[in-house]
Every structure is written in C-alpha cells, then in structure tokens.
Amino acid sequence: MRNNFIFIILFMLGLYALIMKTNLIKNVIGLNIMEASIFFWVIAFSDVGGEVAIHKMGEEFSKFNDPVPQALTLTGIVIGASTAALLLTLIIELNQFTDTIDRDEIEGLNN
Amino acid sequence: MHKYLKKTLVISVFILTAIALYENFLLVPEYTGLRTGVSDYIISSGLSDTGSLNLITAVLYDYRAFDSLGESTVIFGAVSGIVLILSRKMLPVSSRGLSFIVKRTFGLVTPFIALFSLYVITHGHLSPGGGFQGGVILAVISIIFSIVYGSAFDYRRYSPQVKTAMETMGAFTFLGLGVVGILMEGFFLKNLGFLTARTGTLISAGSIPYVNFGVGIKVGAGLAIIFYSMIQKTFKEDF
Amino acid sequence: MALLWQQFLASFSFESYFPLLAEVGVILTLITALAAWNYIKEYKFWYYILTLIYLISTVVVILTTDWFFFLFAWEMVTLTTTFLLAWSSWKLVKQYFVIQFTGSSILLFAALAANALGYTEIAAIDSVLLQFVLIIGMATKSGIFIFHFWLPPIHSEAPSPVSAILSGWVVKLGYIFLLKIIPIESGNTMLYLLGIAMVVYGGWQAVRSADLKIMLAYSTVSQLGFIALAIGTGGELAFLGAVLFIIAHGFAKTTLFITSGILQREYGSRVVYDFKGAIFKRPLTSLAVIISFLSLAGLVFSAGYNAKYLISSAQLPGLLTKVVFFGFALISAIYSLRILYWIFIVDEDYSNFADKLKKALNSYQIYSTDILAILFGTLGVLIVAFWPEMPGDMLEYLVDYDFNIIAGVRDSIIYILLAVYLIHNNAGFKVKVRDHLSLERYLRSALDFIFSMSRKNVKFDTDKIFETVFYNTIFNTSKKIHDFFYQDLTIQLLWIPVFLSILLLWQQIYSYF
Amino acid sequence: MMETRIILLIIVPLGTAFIIPFIDLINAKLRRFFVLLGISIQIFNLTSIVVQYFDQIRDGSLFLQYHLGGWQPPFGINLVMDNLSFLFIAIVTLSLLFIIIYSIGYVGHHEGKFYVLYFIIIAASNGAMLTGDLFNMYVFIELLTIASGALIAFQRSHPGSEAAIKYLFYNIIAGSLIFFGVLLTYFNLGTLTMADVANNFAALESGIQLFITAIFLTALLIKMGVFPFLFWLPKSYDSSPAPVTAVLSGVLSKIYLYLFIRLIWTVIGFETIVALNLNILLIDIALFSSFLGHVFALQANNIKRLLGYSSIGHIGMIFAVIMLNTEAGFYGGILHIIAHMFMKAGLFVACGYLLQYTVSNHYRDFKGVGLRDKPVFIAFIILLLSMIGMPPLLGFASKWFILMAFLEAQSYFGAFIVIFGSLTAVIYYLRYIAKGFEEVRLSEDDLKMEVFNQPLLSVLYREKIVTFITYAYTAVIIIFGFGFRFLNIPLRMSIESIMNVERYIELVLGG
Amino acid sequence: MLQKVSAFILLLLVWIIFAGRITIDVLIVGSGASLLVTLFLSDMLFREVKRELPWYHYLRKFFLLLLFIPIFFYEAILSALKVSKHVFEKEPSFNPGIVKVKTELTDITGLSVLANLITLTPGTLTLDYDRTEQSYYIHWIDVETLEQAEMKQKIIARFEKWIGVIFR
Amino acid sequence: MIRLIIAYFLMFSGAGFALITVIGLLRFPDVYTRIHAGAVVLTISAVLVTLGTAVYVWEFFLSAKIILIGVFFLFSNPMATHAIARASYHREVALPKEYAIDAYSEYLGRDYDDSNSSS
Amino acid sequence: MMTATVVLENLLLIFLVLCAVMSVRFEEELISIIFLSTFSIVLTALYLLHRAADVALAEAVIGAGLSTAIFMSAISQIRHGDSD
Amino acid sequence: MILGLAIFFTLLSIIVSYRVIIGPTITDRLIGADTIGIFMSLVMLMIALYYDLFLLVDIVLAYAILLFVDMLIYAKYFEHGELYR
C-alpha cells in the first residue's frame, strides 16, 4: 500500500514537471521521474520477501524473488535512458535556433 | 490571473487522476508471486536450463533474449539518431581539462575502472551485472577522458570510427550468436548447449557470456558515442 | 475482376423507355462532339477523351440497376464534365465540383440508406422519406428549385459545347433517375410543387435577361420544371410526357447552345441586341434557332408542344388546370418569341429578302462540322415534333394518341398574338443588360441586402466573395475551433491525465449516468 | 507450423541496419548496394512464404509460428503469423519498399544514418506485427518511437526539432504506460504470452480488467493520434522530410491500428470491452476525432499539415468502424487501412517532389507548382481524388464499405462523419489544386531563394526515381480501385482470424 | 616493458580480488582482461621512467608505501579531530586563508599524490600548483603562521619525505 | 568476538566522524571551511566504516574488495573536493574577499588566461 | 510491526520523495540534476532493500552515472539568449 | 546494529540535503551532494551486510566510481561552463 502511495506521488510529480513546467530540461527530468516511479513500483510490488534471484554456489534452491519483472524493468531502464538522451539531443538542437529552452517562448511547440 | 487559473486546473486534474489511480490500486491483489506461471518454472529450472546462476541474466539472455536484442537495437537507434542530429558540429579539440593533479591521480584509477567494467561484463551470469551495466561503466571511461583530459585526448585515443566499428562488432556478436543458434540448435538465439561447462565457472551458461560481452562492447561504444556527440561545441552558422 | 465484370453486365436492364433515352444521350453527345471540333482549339485530344468517358458513363447511368455502378458512373460523369469546364476557367471547375460533390455526398448517403432499407436495386421506392432524401440529393446535382442557383451562372459561363452537354443532357440524368425511383402510380407532391415553382421562376428570369446564354440557362431551369412537374404528377401519361419532354428539350437546348456559340463567335458578343442581320449572315443557323425556339415555346407542330400536351392531359381535367398550363406555356412562349423578335424581327429590312439571302450565301463561311451538328439537332427536334412515335416501340402508345391539333393551333395562335401584342407594345421588353452571372454576385447581393437592413455602407471586394463564402467563413470558423483545442502545450498534455482518469473511473461515471 | 523464415523477416533488416555504419567507414558508395540487398532479401523472403503457403493463405488456415530460443510459448517469446498479420506485413513491406526506393532519390545528406534508422523501422514494424508476446511488443514499439523520433528531426530545422520533441513527449508517456500495463498484466496473470493472457483475461475481476484496459487504451490512443491526443501528429507530419512523413502516416499509424486490433480483440477480448461499457465511448471519441480532424484541415494553410489533419480524420474513421465489431466493419476498416496507407504515402511522396523548390509548405508558395511539374501534379490530383472518394479509385471502394458498415450498424453519426469527411475534403483539396495551376512569374530573387532554401535535400535529387515512385503509388490506387475485389479473399480471411480467437489460442499454446 | 608487466600483475591481483576466488577459468579470463586493459591503459597507471633502476628498487618502494599507510592514518585522524574541535565550538573561531607553500618535488605523480594527501588531512585543502614557482596554493582553515619554513613544517613536511622517496 | 568489537568500534568512530561532518557542514560560516568539514572529515569516516565492514566480514577476498572501496574513496574524494574547490575559486563563487591571507588571487591575477597549460 | 527494515525503508522513501520534489521545484537546472542523481541513488538503495540486485546496479549505473552525464552535457550546450 | 547504522546514515543524508536545498552557493550544494552520495553508498554497504549477500558489494563499488565521475562532471561544468574543453 505504501508503495502504491509512493508510486502515485512520484508519478504525479513527474507528470506535473512534464506538464506544468515550462523549462524543457525540467520536462525531461519529469519524464525520468515518471518512468522511475513505474520501475520502483514494479520492483517493490514484485518483492515477496524472497532472496535475490541469484543461486549461490553449493547451496540448495531457496525461495527467490520473481526474476521476470526485474529483467523487464532492466530493459525498461535502458530504453528510458536512451529516449531521454535522444530527447536531450533534440533540445540542444532546438536551442541552437531559439536560444532559449523556455516553452512559453517557443511558439512552435504549441501548434 | 490566467496563469493561476491554469495551475489550479492542472492541480485539480492531478488530484482527480491520483484518486482514480488510488481507487484502482485498491483492486489489485497483493502479489504473492510464485503462482503457477512463468516465474515458477524459471525459478525452479532456470539453473538447469541455462546454467546461469543469475536468474535475471538467464531471463534476459536466454528466455527473453529477443527482448535484449531489441533493447540493444534501441541504443543503436538512439546512437544513430543522436549522431545524425548533432553531426553538423565541428569539434574544436581541446585538451585543457581539469587541473593536472586530477589528471594524474585519475590516471592511477582508470585501469581499475576498466578492469571493473570487464569484471561486471564477464561475471554477468554469476553475479549482479551483465552486458548493459558493464557497458555503461566502459562508456564512463570514455566520458571521463573527455571530462578530465579534454575531448582531444578522447578523440586521439578512441576516435568515433573505432567506436563505431566496436559497436558494429558487438551488435554482430549478438546477432551472429543468434544465427549460430539457428544453424546448430535449430532456433534463433537458442542457448548453445555444447559451450556449457561446469556451473559456476566463467565459461558456463552456454552462449550467455559471449552475448554479454557483445552487448557490453556495443553498449559501451554506443553510449560513448552519444556522450561524445553531445558535448561537442556547437556553432550556429555552419553545418 | 471477372466477377466484377459479370456483375456489371448483369446489372443492365433494357426495359421500357430507358434504352431510348440512352440512345438520345449518345446522339446528343455526338452532336456536341461535332460542334466542339471548331470551338475547342487547344488540348483537343484530351477533350475528346473526356467526352468519350462521359459518353460511356451516361449510358451506364441510364441503364444500370445496381446502386454501386450507378453512383460510380454518375461520379464519372461529374468528374468528366468538371474537367470539361476547365476549358473555360478553373474558378468554374472549383465551384461546379464543390456543388456537384455536395449533391453526390447527399445522394450517396441516400443511396446507402436505401440499400440498407432493402432497396437493393434501383427501382420504385415507396418510402416518402427516402424519396425526399433522394430528391434533395438530386436537387443539388440537377438543379431543382432552391438548389438551382448554381445552374445559370455555370451553364452560361461554360464553353458552348460544354454547356450544351451540361444543359442538354447532364442535368436530365437526375430526372431519368427520378423516373426510375418515383412510383408511377403515386408521383410525388413535393416534386410537383417544386416543378411549378421552377417553371414560374425560371421563366420570369428568362424574360428578364438580355444575354443569350443566361437566358438559355434560365430557360433550362424553367423547362426542367415541366419535367419535375410531370414526374411529380404520376401516371403513365405524365411519365411518357416527361420522357418526351426530356428528348425534345435535349435536342432543342443542345442545338440552341451550339448556335449560341456560333453566334457568339460571329458577333463577339452574347447580348441579343447585338445580333443584327443574323439571318443573312448565318441562314442555316438562324433556321435552327427559330425551330428550336419554337419548340421551347411549345407551339403546335413542335416537339415541345407534344410533350407539354401529354403532361397537361395527365393532370386533373378542369378549368383551373387549363388556365394554369396556359399560363405556363405562355411564359415559355413569351421568352422564346422575345428572343426571336430581337434577333430576327426588329430593325430588319425584309423587303428584298431573297436577294439578300442569295448574296449572303455567296460569302458564307462554312464550318461543315457546325452545320452538321445543327442539322442533326434540328432533325431531332423535327422528328419528335412530327413523328413522336417514330423513335421506336417504346412509345407506341403515342401512335394512338390524338394530339388534338385543333386546340394546339388555337392555343398557338393565342400565344403568338398575345406575345406579339406584349412585345410590340413594350418595345420588345428591352431590359438592361446584366453582367455575366456568377455565384459571387449572388453572394454580394445577399450580403448587400443584409447590410442594407442595418443601414451601413460597406464596400465589398466582389472578386473574392466566392472565396469568402466557400473558404473564408469556413476557414475562420474552423480556425476558431482549432484555436480552441490547440491551447498551449500544457493544456494539450493535460488531456492525458484527464483521459486516463476518465477511463479509470469509467465504472463510476457510467453508473452515475 | 514452425517456420524459420518469419524470424528472418526481422533479423535481415536488423542486420542490414547494424552493418551500414560499418560500411560507411569503409566505403560510402557500397552502402546503397547493401540497402538494396537487404530489401531484396526481405522481398524474396516474403515471396517465398507466399508461394509455399499459398493454399493456406487462400483458405484462411495460415498459421506460422516461431519459438525464439526454442522455448515453449508461456516461457519464451514466440512469433505468430496468421492471416491478419500476413496481410499487414505484405502491405507494409510493399509500402516500405516504395518509400525506400523513393528515398534513394530523395535523401541528400547523412544517407547512412537515414538507412540505419529506416531499417530499424522495417525490423521493428515487422517485429511488432509478428510478435506474440506483450513485452516484446513494448520493446518494438519503443524501437519504432526512437527511430521515427530521430527521423522526424532529420532535416535538423527549427520546426523539425520542435516536432520531434513534441512527438517524443507524447510517445514516451505512451511507452511507459504500455510498460506499466504489461507489468500489471503480468502481475495479475503471471504470463506475458498474448494467447495465454487471452485465455485467462476474462476470469479477472472487472475492476482490474478496467485498469489494464484503460492503461493500454490511453497509450494506444496516444500512439494513434485519436482525439484528446491528436496534437503531436500534424506538427510532426509537417516538419519531417517527405519519405519520413510517408513512413509515419503510411506505415506507423497502420501498425498501431494493427496492434490495437490485436490487443483489443485477441488479448483483451471485445466481450470484455462491451462488458465494461467502453465500446460506445470509444466509437464516439473516434468519430469526434474524425470530425475534428476534418474541421482542422479546413483551416490549414500548409499542405503537409493539411494532410496530417486529414490523416487524423481518416484514422478516427477507421478506428470507429473497427470498433463496431461487425464483419462489414472490419471489411471496410481494413480495406480503408490499405487504401489510406497507399494514398497517404503516395501523397506525401508526391508532395515531397512538388515542394522541392518552394520556399515553404505554405499555401501561398504552392502557387504554380502544378505547372512546373505537370505529370507529378496530375498523379497528385488523382491521389487527392482518391482521398475524397472519387469512384474509379480505391478510396471510393473503401469508403463505400465503411458507409455500408455504419448504416448496417445503424450508426448514423458515423455515416454522417464519412460523408462530412468527403465533403470537407473536397473543399480543402480543391483550393490547393486550383492554386497549383495558377500562373506565376518568378523574379530572380525568388528563384535564388527557392534554390537555396532547401539545399540539403535537393542537391542530389534523382528525379526519375522519385517520379517513378509517385506513379507507382498512383497506379496501385487505380488498379486496386478497379480491382478492389482482388482483396476480397485476404480481407475475409483476416477478418476470420480476428474473430476466431479460440483458434489462435489453441494453436499458440498447443503447438 | 617493466611498467607494463607490473601493471599486468597489479591488475591481475585486483581482478582476483574482484572475482573472489582463484580458479583456472578466472585466471585465464582475468589475464585476458588484464592484458586488454594493460594494452590500452597501462601508460596511465605507471608513467614511463627515464632512468633504469634495478627491480628491487620497486619492491622497496612498495614496502615503503605499505609502511606509509598507518602513519598517514594516524596523522589524518589526528587532524580530523583538530577540525572537529572547531565544529563543537559555539562560535567557530578560526582564521582561514590561502597560503603559498614551496615544495622540492618534481615528479608529477608525486606532486599529485602529495596534493591529495594535503587535501586529505583535514584543515588544509590544495587549490592549485604553480609550476614556475614550484609551490602549492593551499587553503588553510586556521592560519597559524605566515613564515614559509614553519608553514611547510606544519603542512607538508610530514609527507613530503615519504612521497619523495616513493615516487621519484 | 574481539574482531566484532574492533569492527563495531571502527564503524562507530566512522559514524561519529560522519556526524561531525554533518554538523560542520551545517554550522561552518563560509564555503571553503564547509568544504573542509564536508569533504575531508567525510573521507576519513567513509574509510573507517569500510575498514570496519571489512573487519566485520573477515573473509579474505570480500574484505579485500570492501577495502578496495575504501581505497577508492581515499583516492577519489580528495580529488573531487579539490576539483570543486578550484572550480569555485575560479568562478569566483563567494570569493572570500575578507581573507587576510590570499596568495592565490595574485597568482590568478597574474596569468589567468593560460592558468593551466600542463598536460 | 516496526522492524528496523521498515524504518529504513520509510526513511528512504521520505528521502526519495524529498529528492523528487526538490528536483522538480528548483528552477536552476544544475540543482535539479544534482537532485535527480540523488534520487537515483536513493532508488538504488531501495532496490537493494527490495533484493533486486541487477536492477539496482543498472539504476546506479544508468540513473546516477549516465543520465547525469548526459543531462550535464545537455545543459552545458544550452544558450540563454544574450550569452552568446 | 548494522541496520541501525544504515538508518543513522540515512538520517544524516536527509539532514545534509538541507544544505543542498538552501546552500547559498553551488559549491555548497555540490559538497552536499557528494556527502549524500558517500553516505548512501555506505547505506548500501550496510544493506549488503545485513542481507549477508556480498555480491551486492559490486554495486557499491560501481556506485562509488560513478559518484566520482558525477562530481568531476559537476566540477568541470562549474569551472568552465561547458564540458568540451
């Protein structure tokens, strides 16, 4: 339940930074926070109190945490980082033309 | 006034959405895990199937290796896109960097960082880590070269061409292992059983270490190219 | 493909008078094609290609019973005629296409509705509502009253062979379609009333115009009113009358538009007051003009008379009917005879007619294709006039029918006398020459009217007034809608949480309503 | 049936994409050879599949699958090709082939990077359509997002960067929502294979069903550009170069429609949607979106933007007619997907050619374009007429079937929207046709400005290829316009594979 | 060559620490990895030495280094306590300033290690090194004297000797 | 047992130094003195804690690895601190003009342009 | 039951939200990025607490290292009006 | 005991974040961030110790490296205002 609250708070915070802030870099930060909230929720939710999903040499099989959501989250993190990098590159490129990163001063983003 | 109105609107919508999400989360049952399904099977027989101690690596590079191929292609696409978008910039090479104290002391540390990255890559199936994480640490070396010694040093040592070649090599290692899987075992990306040694050694787990190595090189080179493209000084006039 | 082709062939029906109509359509098209040989100077090849496609499509439109092929072919007709207008101006193409396409869309909708309601083939439709929708769709395409507004401007501005096609046959396709779908027993009252309105309004406007082509276009509206009236009446006699009227009017109008083109080329003007000595300069053409106009006027021994007689005898017998039809015919007679008066009678010296004619014939420049076209047209008019049963077995009923020549002669004499009296006493109804008609002018006058009510002096940029209506008002409205939805990026992105929460709370919202 | 060739459909373009940067280092001229090699292997591959399984394609029993890594479906990833995905792959591959030949003539700078991203798009679109695994679908969607986002900014202009940023904002949110939805599904059902999810989805509590459905729907509506999220679409269509726009409009939106069909019918199940009372809402949203698209198109002063708005209109229409869940609806919808794919791609391709020397895409600069490149302009007009729905062309046939479907379902608002779309289309296209035929005299300065305006793209213009491709699209439209009943059998069969979910589940899990 | 070999051995040792066990496969892969790193980065670890020294010199240096560590720790903790004294004062009373201290070292590695050590001992913080005057600029939290020799005694003399021997 | 006591002693002394760091960071009056507290005492504390941990686990390779972390802190943290301090002086962030003794500003004023030409 | 683990987790969660809020609140990009990297570290610690070792390593490496580097390179490129 | 240390370090880092938030200059914030980073890596070490899972020590090492890189990047940006030099 606590994790759900944290997820909602962080998700909304990220969305707030994405939607309400006029600074483009802040928007990307918001996106990052939003994605991180989802990843956090997934990991926290899939934690059933087992062990880290790595077998120890010479020990028998014991109760593990579910490895599949962790693997999926790993993929998600890498993809999120790549998209953020691309987005930041585009912001740099846009800044070459506009000399600003304030969304209010860039008309073209609105239409 | 209009600004405050907008802010009020946004915040009220957010409160609504938060309530909606909360309502729906109330319905989601607690995850007890390990019910009859995929995870149960993977936990119980993942080690014997793949030979990888790290089950997450087993999932990433054996059960769902195709996802990882797609994921590394995402990085590849991002690299291509970023290089494409920022390629008009000329590089005024500079070797100012930070003070020489930092430069020299950093030199003492760098080989160990590289070694650590190789450790993370090669121990992907034994301990936490794997191709992606190790690759990022590998990229960090290139990043820190540009930071500490100036971009000229990085350019001189590992030019973008070399990095591109390394990236292609890594990608083809992955893809080639998949195709070898077709040829030898009958399925794309099937784990190569004849490579498996005793569990717990570095060369166990079939083709997973090799895939890890390919991904590591690819990710390291790709992210280094990304950073290298992004720190270049930009000019407005030329292209 | 083979399947489609078989279906296409199977959809043809060669019943009742429709093959005859198709045949007439082909003949009229060929006539215009002949006339166009001299008129169309550039891109002749493309003109004839378009004409050919048009020709095939009209045949399909008339003969097919499948909704799909019907609409398909009709759109082809619209498309080809639209591009034929391009020999005049692109503005015309634009306007015509927009209007035709509006009609097509409504018609498509109506056709689909019919299809959905079980009328899988084109046949008589019982539902009055459906008839209404179909008529509205028809109205825009074929210029039924209220929606006729586009017809005079475009028909008068088009190049003469094209307006011959448009006015002579294209607008009648709609009426042929109506012949198919209106049940022969009941008719349609609304169509009947619309027809009356068209006759009166078109006739009045035709009388008021001094420009030959505009006058012809208005007379088309008026004459089409007769057809609508006939179809609206119902009954076998009325339908036969409508068919005969379509044929007669087709020949007459085609001939008249072609001759108007010839006259226009000869005199460099379209106003009837300028056509001095036409009969000496263009004797054959003038003859055709006279015969065709007489047919329009509905004098006895003319094609128009036969058709009108059939229609009027299909009405309820009685004095009122007689008076009303007398009035209708009188209107036609007045505008036709007025033109004849202005072209041939006024200021002409007929004292040594034969000599002048002989002299004129000596220096007569002959375009053989034109002459051929006119001759064919006139021949058609004459055939329908004297042997209305001749075209084939389809109208064999007419063989037995008495056209009541005595009454016809009487009426004709009365028309001529009245017309001569009126025209002579009013100095030939000489009216002010109006500018060339265009849709923009309508708009301007409408706007002028509205603004004069508020007593403001506003100058309009009349050249761009069409743009104003068809684009700028639409443009501005949609711009306002656009701007309303396109707020800044914050609001645009805000839709995501809004939509997400609506979907997430959908159970509650749904149960609330 | 296990078939190795369908994995080659994905990894051949992927390998081509990987090798091109390396080839660039060696010799840039070799690059085009590899591009053509890759695409021809792709075509050969597809053709061989068609030839071998022709009978099965015809009687609707085509079902090929591939287990990646040799793992059975619930444990590993599986690729599935049934009639629906086969139809889409064939059409998309054809369209992509046209566009790549076009871009050989069009792209002047950074050709290598362009082809890399383009081949990634090919691989990702094939993968997204073939995959039978939810998370793999997410990966391919992200791949599409990244590659197309980079391609939108390909011209590296001011509006291009803006458009790409906007596009990425929307699509990254959609991507993370899809991720969230996939993980929610996993947590509730313990599996990621579509067939397995479909098998168990109905047993879930309705609240959770709504939760998962809502998240997937929001994400997919963002991706498709339906009403509340249509704002990124015109901007990105406007600002990207012609081949990219053709890909965006012609291919990407269709792939998302396909994924929508897959998710809603196969995975979630339409009965669930009906039980959640969402279908009416979705139809209304889609129709409203279509309406707005056409209304917005009326005011557009920019030809590419206008085409983007009209895309919104058409996609909304297709979406609505598919949501009717009738056979006629699917027939019209899928036929219109095909028609719209070719028409829009052809239109953007022709636009790219026509606008090569104009100063901007603005209405006033469109003056005289038709006189300059008359043959291409005629093709352009034919394509426009097809968009409007003129008879002998493919657009008419598909619109006809859509109308029939709406009337059959007694959805008169939908029928009205179809007619309204055609009507407004007449108004807004005719303006441009008329403008294109306006005579214009260019002064010396204008010429200079035009020539130097877009130097990057027009340096290496190979006109014949470009003209040829424009005509190829026109020819496709005309040929299928007359012979749209060619598509009868594939359409019927793919509708059957949409409707017959049990067979899909049985074949995936059993074989 | 010597520097490469020593770098290789050092790296292999660290690798074994990383891997946590000594087996054949670890050694093979580790030597491969170390070789790679040596080839690419060894010039950063050990700089090229000008004059040849016998190998036992390096061994001696290594032992000196090991000896140096406890001494350093003692000094560091002592000065940390000295700084902590300031923390607990009511009004932190000290006299910060930036002073210039000459040094005799010339080797770059030695200089930078010394700079790090100066930074590490609380109370002093290296800001820069001036090549022409061979002197450090040091921020001193509590300037007790301005006498050059005394300053040197207080700040760097503790380590300079060791460093001078180890990194020469 | 003695091993554990040593380990806890090391760790708690490290924690104590960490507390001192924090208090110093909050209480010290100006930027450069805060750097002293925040970075230098901190390093000692981190090293002490890692040493304590290494003693705690007392297993050769693992202890070595943990000590490696401590050594890395020992190398990296002063370097980072030095770099930050130098940067903030160069950018004249909160330049302590009131310092009586400031030899560095003369140096900077002398040749600011190529203040760093070392390789 | 308030075991030590729960206390630690709660503290980390509070810190996480604090970092996120500060990262959103500050107008200056550099401080936002500092807080973002701090956010990533705390997230890493939480992942460790939830026994997701691989994800923790990935988050540490990508979130704290690479993202910060890329963000810094982005803001180092950005011009603000008159500064150029 | 071990977790007590972890809680202690977490509390300290929350307190230090006060300095990062109000810090009048950027240098203060950077030093604060560095402090928080080191504290958090110590927390991670403690967690690894608590779980008796020493594979997690790798993560601490990786994080230590990256923290250092971060600090250098901040310093570089802070000193030159750009990273390319």
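Letters are used for the chains, namely A, B, C, D, E, F, G and H, taken in the order the chains are written, and counting of residues starts over at 1 for each.
In this text, a contact is a pair of C-beta atoms (placed from the backbone, for glycine too) under 8 Å apart; a residue touches a chain by one contact, two chains touch by 3 or more.
In UniProt terms, the chains line up like this: A = Cation:proton antiporter subunit C; B = Sodium:proton antiporter; C = Complex I subunit 5 family protein; E = Na+/H+ antiporter subunit E; F = Monovalent cation/H(+) antiporter subunit G; H = Cation:proton antiporter.
For clarity, every value in this text was computed on a predicted model and none was experimentally measured.
Engineer: Which chain's C-alpha centroid is most distant from that of subunit G?
Structural biologist: Farthest by centroid: C.
Engineer: If you tally the C-beta contacts, which comes out ahead, B-G or B-E?
Structural biologist: Result: the pair with more contacts is B-E.
Engineer: List the centre-to-centre spacing of subunit C and subunit G in whole Å, with centres computed as mean CA coordinates.
Structural biologist: The computed centroid separation for subunit C versus subunit G comes out at 76 Å.
Engineer: Could you please state the distance in Å, as a whole number, between where the Cα atoms of subunit A are centred and where those of subunit H (Cation:proton antiporter) are centred?
Structural biologist: Centre separation, subunit A to subunit H (Cation:proton antiporter): 20 Å.
Engineer: If you average the CA atoms of subunit A and of subunit G, how far apart do the two points sit, in angstrom?
Structural biologist: Distance between chain centres, rounded to whole Å: 10 Å.
Engineer: Measure off the straight-line distance from the CA centroid of subunit D to the CA centroid of subunit H (Cation:proton antiporter), and report it in whole Å.
Structural biologist: 47
Engineer: Hunt down the residues of subunit H (Cation:proton antiporter) that sit against at least two other chains at once, touch-wise.
Structural biologist: Answer for subunit H (Cation:proton antiporter), listing residues that touch two or more other chains: 26, 30, 41, 51, 53, 55-56, 58-59, 61-62, 65-69, 72-76, 79, 82-84.
Engineer: Touching two or more other chains, which residues of subunit C qualify?
Structural biologist: Counting only residues that touch two or more other chains, subunit C contributes 486, 489-490, 492-494, 496-498, 500, 504.
Engineer: For subunit F, give me the residues that contact two or more of the other chains.
Structural biologist: Expected reply: 35, 62, 65, 68, 72, 75-76, 79, 81-83, 85-86, 118.
Engineer: Along subunit H (Cation:proton antiporter), where are the residues that touch subunit B (Sodium:proton antiporter) in the complex?
Structural biologist: Those in contact with subunit B (Sodium:proton antiporter) are residues 55-56, 58-59, 61-62, 65-66, 68-69, 72-73, 75-76, 79-80, 82-85.
Engineer: In the complex, go through subunit B (Sodium:proton antiporter) and note every residue touching subunit H (Cation:proton antiporter).
Structural biologist: Its residues touching subunit H (Cation:proton antiporter) are 91-92, 94, 96-98, 102, 106, 109, 113, 116, 119-120, 127-129, 133, 137, 140, 143-144, 146-148, 150-151, 231-233.
Engineer: Sort out for me which residues of subunit A touch subunit D in the complex.
Structural biologist: For subunit A paired with subunit D, touching residues are 18, 24, 27, 31, 34-35, 38, 42, 45-46, 68-69, 72, 75-76, 79-80, 82-83, 86-87, 90-91, 93-94, 97-98, 106, 108-109, 111.
Engineer: Please output the residues of subunit B (Sodium:proton antiporter) touching subunit A within their complex, sorted ascending.
Structural biologist: For this pair, the touching residues of subunit B (Sodium:proton antiporter) are 7, 10-11, 14, 17-18, 21-22, 25, 31-34, 38-39, 42-44, 46-47, 53-56, 58-60, 64, 67-68, 71, 74-75, 77-78, 81-82, 85-86, 126-128, 132, 199-200, 226, 229-230, 234, 236.
Engineer: In the complex, go through subunit F and note every residue touching subunit H (Cation:proton antiporter).
Structural biologist: Touching subunit H (Cation:proton antiporter) from subunit F are residues 8, 11-12, 15, 18-19, 21-22, 25-26, 31, 34-35, 38-39, 42, 46, 49-50, 53, 56-57, 59, 62, 65-66, 68-69, 72-73, 76-77, 79-81, 83-88, 90-91, 93-94.
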